[in-house]
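This report concerns only the one structure given below.
Naming follows writing order (A, B, C and D), and every chain is counted from residue 1.
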């Protein structure tokens, strides 16, 4: 089977990757799984490696998980028919913790003493390893290597009496980022961590409630967007209706700024702002902060397009398609044969030579991670006859790893952690290179700038300012294990 | 996918089914998984639905499970290469408890606090449901619906300090039949329940120890047969050698008599007797107890052949192949199309018309369960021109269900539970019908007869005399479950 | 298996489809098949249903064909390794004539008396049925239902002596459109029909010659573009070099104009013009011919983008992304379940609501075929809050079917064949609708207008002016067939 | 995919292989394909590599072919439903000529000028290569490498007027062995070569006629056996009924004697004799010709069983199962891993040690080809403790290759072509070895002996007396081929 991750080659190969998208619906009158499938398809950009749906038909839970895309797996009538019921939750994933195996694909499900319990989780628990070690010592047997399973065992092992108390007991032991949709026979539990690091929205379609990572998942179902789930909020939906509680002490929220810069779809509304508008505004900000004389503005497709339009409108330099993207990007073409592999061929993108030849160009991209594709794309422009290549990046330099559910390379591989901007310009062979400033990015988000004392967003990947403790990054003492051959105590 | 169970149609469709075969090897110098594959192939008659192998390479455990036969799944180089190590255990199964899904296929594996723990189990725990309910209440999360998983959670939750004590603590809570091969990083734990209901033998090949359900699994590996594991014995094998302990109070053993009558292969030695010889002796006993004048003795292939040879030699009536079995019985041919399905066609067996026409025949079969195929086979003989059909059965009438790892229909479907022998003869349209007597069967096994006060075998399927309590057959009070919506106790 | 045709739903569902792309390479020193795979991947937009490659290793021909995309089938090392040799040809197809079965997938191959003969064909033979009928009467046995096979049998049955003469003899009997790459043990035969209806270009990479439908297939290999194959030209490439002959009487060429309007990739150079530039010029021409006052210009992605940029630059109205296309268009999501199927959900495209709300918009699309998606897209814009929707189409109204290798609906389903432009505007609920004029299209192509006496292009889909006879569209008298039961003539 | 040929390992690995079984039915009222599937399943022993069925529904032909067994491929409702109609023919094959590829799997089908034409062929055309060469020169394009396709092209290219005449014209050019079932829209053509080398029988089921290689295929359908098709007979079945013609000059028939000795199933009636009875008679003849003192008679399962029963009854020495065959022979277990592969393990058969130990045994097998398995089986008996091993073979020494549709090794690999019987005995390490005499074999068939002047059977594999010319074994001059680059003659 060919792995079809659109991110692992060509111009998009050098991006940070969001790791999960989640979706839940309650009260859908028989169409729950089909609606989840639609929603997950709209969230596919948040995780292309695997997907899963669990439904509840009033008597039984039904689960289907598959490696690969939602389309091709969850658009088959036989699959959807095997997921009956009015309630369902689902998940798309790119692995963070946990090897990529079917048993790690969410929703995770367990038969607890309270009945079935399904969990869809976006984020990353930064003390999961420590919690797991303690649970195994107490007799828990883990089915997966996913950090999410820790949450379920904490619920199962809690000494509280009601399920809701057990759930809150579990949440309070967690550290890190989590947006959760949990399904039980009696209702759904929807929750966002106290800092609100990962997004979560609520919508309504007829009598049913929908919860999803982004508003585009509501759009695809024809649902109405109601509001965001607040940081630290826990919503309980059942046939008796919806209620909201706040089990945590309140802290200033720190939602992830990279959702605006790259992860979320441009047609989503995240925390009240149009992603497309924010990206255009960052492009315009770049034109103000780092202007340059040139003939045409060219986006690196597709994620650089809104910022390029913003840059072109602000600067008055024409916007043109200088890089043509193949229609078939959903499928990665693995270059066959060693001889061919090293030709440096351009499979997904091709220079529009007739346009570029003899021109001074401004290239707009959203970020630089390892810098590998920036090198290739500048080269592609020069090969096509560009006389000057100026690169403008619609985010600040990415200098730190993320521990909250985003796949980042280790720090040593982040170009901006190793070089100054001038060194980077030389490295990628650009005539000039500029990043939007941190304050410029905050301005595009409608702020006057970053509040240093109490930043409005989690921007740790740019600043290194992590909003939580990172327990599992600290040293863990090895556990003393039981031995088979140790002296036997007579029974 | 076509299900290829050789037992579900034609003449073999009406048999009791053994549910599992197990195999383990320690010290095999890199060939462990390959040897397990060979051994499981030789035990294939004990379970055709699924198979699995877990290996231990000194650092990691590796598991592969598959629905279907050993051949076609575990004879592939890529599969065996992915199961490296000097130690491995395996399992073939026909489901007893637990729906047939891959997660129920053994060996079951868990990461305990003591490290990895793999289990292959033949038998059935007759109080598994009760134990499971209690474990879930305490916070255990089950991965399968198999009774075997209960054993692992009992070990994980035990409050003893060493793994060996935890294992014995778990065993002492079990009721029913179990032959077990468990693998840990430090060694193997091999054990047979106190009554020794299911078989288990030990062999040696070079430096390695082998444990298997039947001696044929030793033969196929070229291993030397050492001895049977005793009822109630627990063997521990590690790189330090082999030691044996007896953790249970001793009771008189009751091994399953049906292993001799039908389950085990004729070339196996079970509890010191050649299965082939015992079956011939039962056939000879039938000729003594229930003689009849006839022209030829015909076995119902293949399981009736040894008894038919015994009957023919004792009676002096010629042994002939009156029913020809297709060479391709490994694959069930599902009769396509409704019109064809009801023609009563004979796909696996065909009458040898030229031989049978005008003859008085004695048909020898090993057992009658529902009686459905006996009806067909007598009809097949009459259609081919037999003038008289006398049926002789090489076991007593099967009148009771088994709860120790054998798939029996509910009692109401056992022909002998509903009818007298004379009524059965009329039902299957035989000119005469006779079963070997219970004492005759014990005589063929070398006893002078059944000791009523303390029977030498478990013969509950013939006599209804069960050697253990049957807890899960008694009424279980419904558990009180936790509620999500119950009044919340403030945290 | 889910069919993954990006054209069969959403906004791209209502397009004409090019039916084939071809590629051949001679002299590639062991990398021939890998280069063909790359080339076909770049030509994937010309045929998504199936692909095939045939290679010649100096001794044997090797063929692999597969339903589905090039990626996922021809990027596997095992597949490419099984296609050794210095020469290879390939094909991507969307079926024209011939049911979609693997035996219809090209290259077609036959063992002729002269040795192996492989054919990749783009186009359609408009008298194939008549030729086939005659060949079968003479004893030919066809393997496929493809019109292309007719060419091979004509070669096999020809009474000329050399293969080249037989090939020319075959070509002269053909009517319609054909660009051909044929491979024999001694060399390649490359040919374009006298009118040059379908494109064909020649490139060079090191010592090897490459032939392909479009220049993008040369770009992806890093090959140099040399020139177009001329209409009516036959090129012979062998280890002795390249020679070109003109076996046909010369006629004025009529290349397909729709290659510029929609089929070819924007980064291709077709017949000397940049496709991107032509499309921008058509957009500018539309702004001149049919101006309208509005706030933003929005392309229907992706094919409408160049014309929209041209329109925006000419009119001074800002270009904006008002419709967001999912990243995952390569895989069609089949809407599961009847209930969901009729919701009118938008799976591949979503309105950028925050942008559109309250705006007067100009939508730019490349063509209208059935009009089904135009209805949906105008509705989508109105639902998102557009106050006026003006639609501008970058081609003239499509009023006639194509018989030269393009999949068109029957005439009755072409919207422009049934309605005036005003009726169409009402039908799709646009505030205004305009198409570029035929002469406007010719102007964008650098002409002063269409020469009515001798048109420069085949524009039959717009004008109904077909450049060849359409034999198979005329009535064919039923053949008299041989009968088995006819009176037998003594042998 | 694991190849599941039961003949390629263990005790059955060293046999001659019949290469085809054929089956046809006309007038089956909608169940034709299902009946063919049943019949092919009963003929599975005649070809395990591939199977195919073609049906005719009054309007269209439908074909399904598959590598592998009938069960698992042709017992699926979807497959049978896709083969509608009242008439169908089918084929199981083990390849003779023609690589093993799906396009070689029969029935072969062609659209001739007379309409569709499907062919199922058992046998081998011994001048096929010569005929093919000539046909290609005349313009025929072959789809397969099968000798059977030659027949179809001869029909297509024939200059006679009716299909029947064309068919007879084709047959008259053939040399070798052929039993044919051909299906056309108007009826079936069933034919056996003038010598009747391969078998063919006719049966009746209700209103339908059935034609098959063996009577067991009639039994499985519940059909009545009518008669054998005569050597040189051509039967035409249509809705108008059945007629028989004799297009060839009559010659004395020479049916294959090996059908009795090994190929046919014991429950078949071949040319008027019960195969089981003939094999028992050969066993008895062996006991008369080559008696020996011993304790038990043991068959090599399964094909040696009837002869062993005959030998035991004639000699009075008890018949016993000394070799136990696994129940799962339908699936070959490929021994995984090199280390294991060379252990000489016995996967399909195991010695019944408890029986054999200390005994003098007579082993009965049906034939010795290469002798490789005889070596293993004698060794297996000695390992199990046999004190003497006497081998008796129920056929004469196999000394010559077959060219009539049986897969034989080249002569140099036939043990009996290289050694005397005494040398063979030493080679396989038997205490004594004897084969039945040629005359003894003829006696068991009811003859007084072989008529040397005019033998009653084809026994070329024993005697080297081939009943036809062997054209393709003679030298064929290389054809002069057409060249592409030859000087071109102006068109």
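Points worth noting:
Here is the rule we go by: contacts are C-beta pairs under 8 Å (C-beta built on N, C-alpha and C of every residue); 3 or more make two chains touch, one makes a residue touch a chain.
Just so it is clear, the structure is predicted and the values come from calculations on it, not from any experiment.
Think of each touching pair as a link: the shortest run of links from chain B to chain C has 2 of them.
Ranked by how far their CA centres sit from the centre of chain C, the chains are topped by B.
Separating the centre of chain C from that of chain D, both taken as means of CA atoms, is a distance of 50 Å.
Separating the CA-averaged centres of chain A and chain D is a span of 63 Å. Rounded to a whole number, the gap between the C-alpha centres of chain A and chain C is 38 angstrom. Multi-chain contact residues, meaning those touching two or more other chains, do not occur anywhere in chain C.
Pairwise chain contacts in this structure: A-B, A-C, B-D, C-D. Note for the complex: chain C touches chain A at residues 2, 4, 6, 30-31, 33-35, 37-38, 41-42, 44-45, 48, 69-72, 74-77, 79-81, 216, 219-222, 265-267, 269, 274, 276-277, 302, 305-306, 309, 313, 318-321, 324-337, 339-340, 343-347, 350-355.
Those residues of chain A lying in contact with chain B across their complex are 110-115, 136-143, 152-153, 156-157, 160-166, 168-169, 172, 184, 186-187, 189, 236, 238, 240, 247, 479, 481-489, 491.
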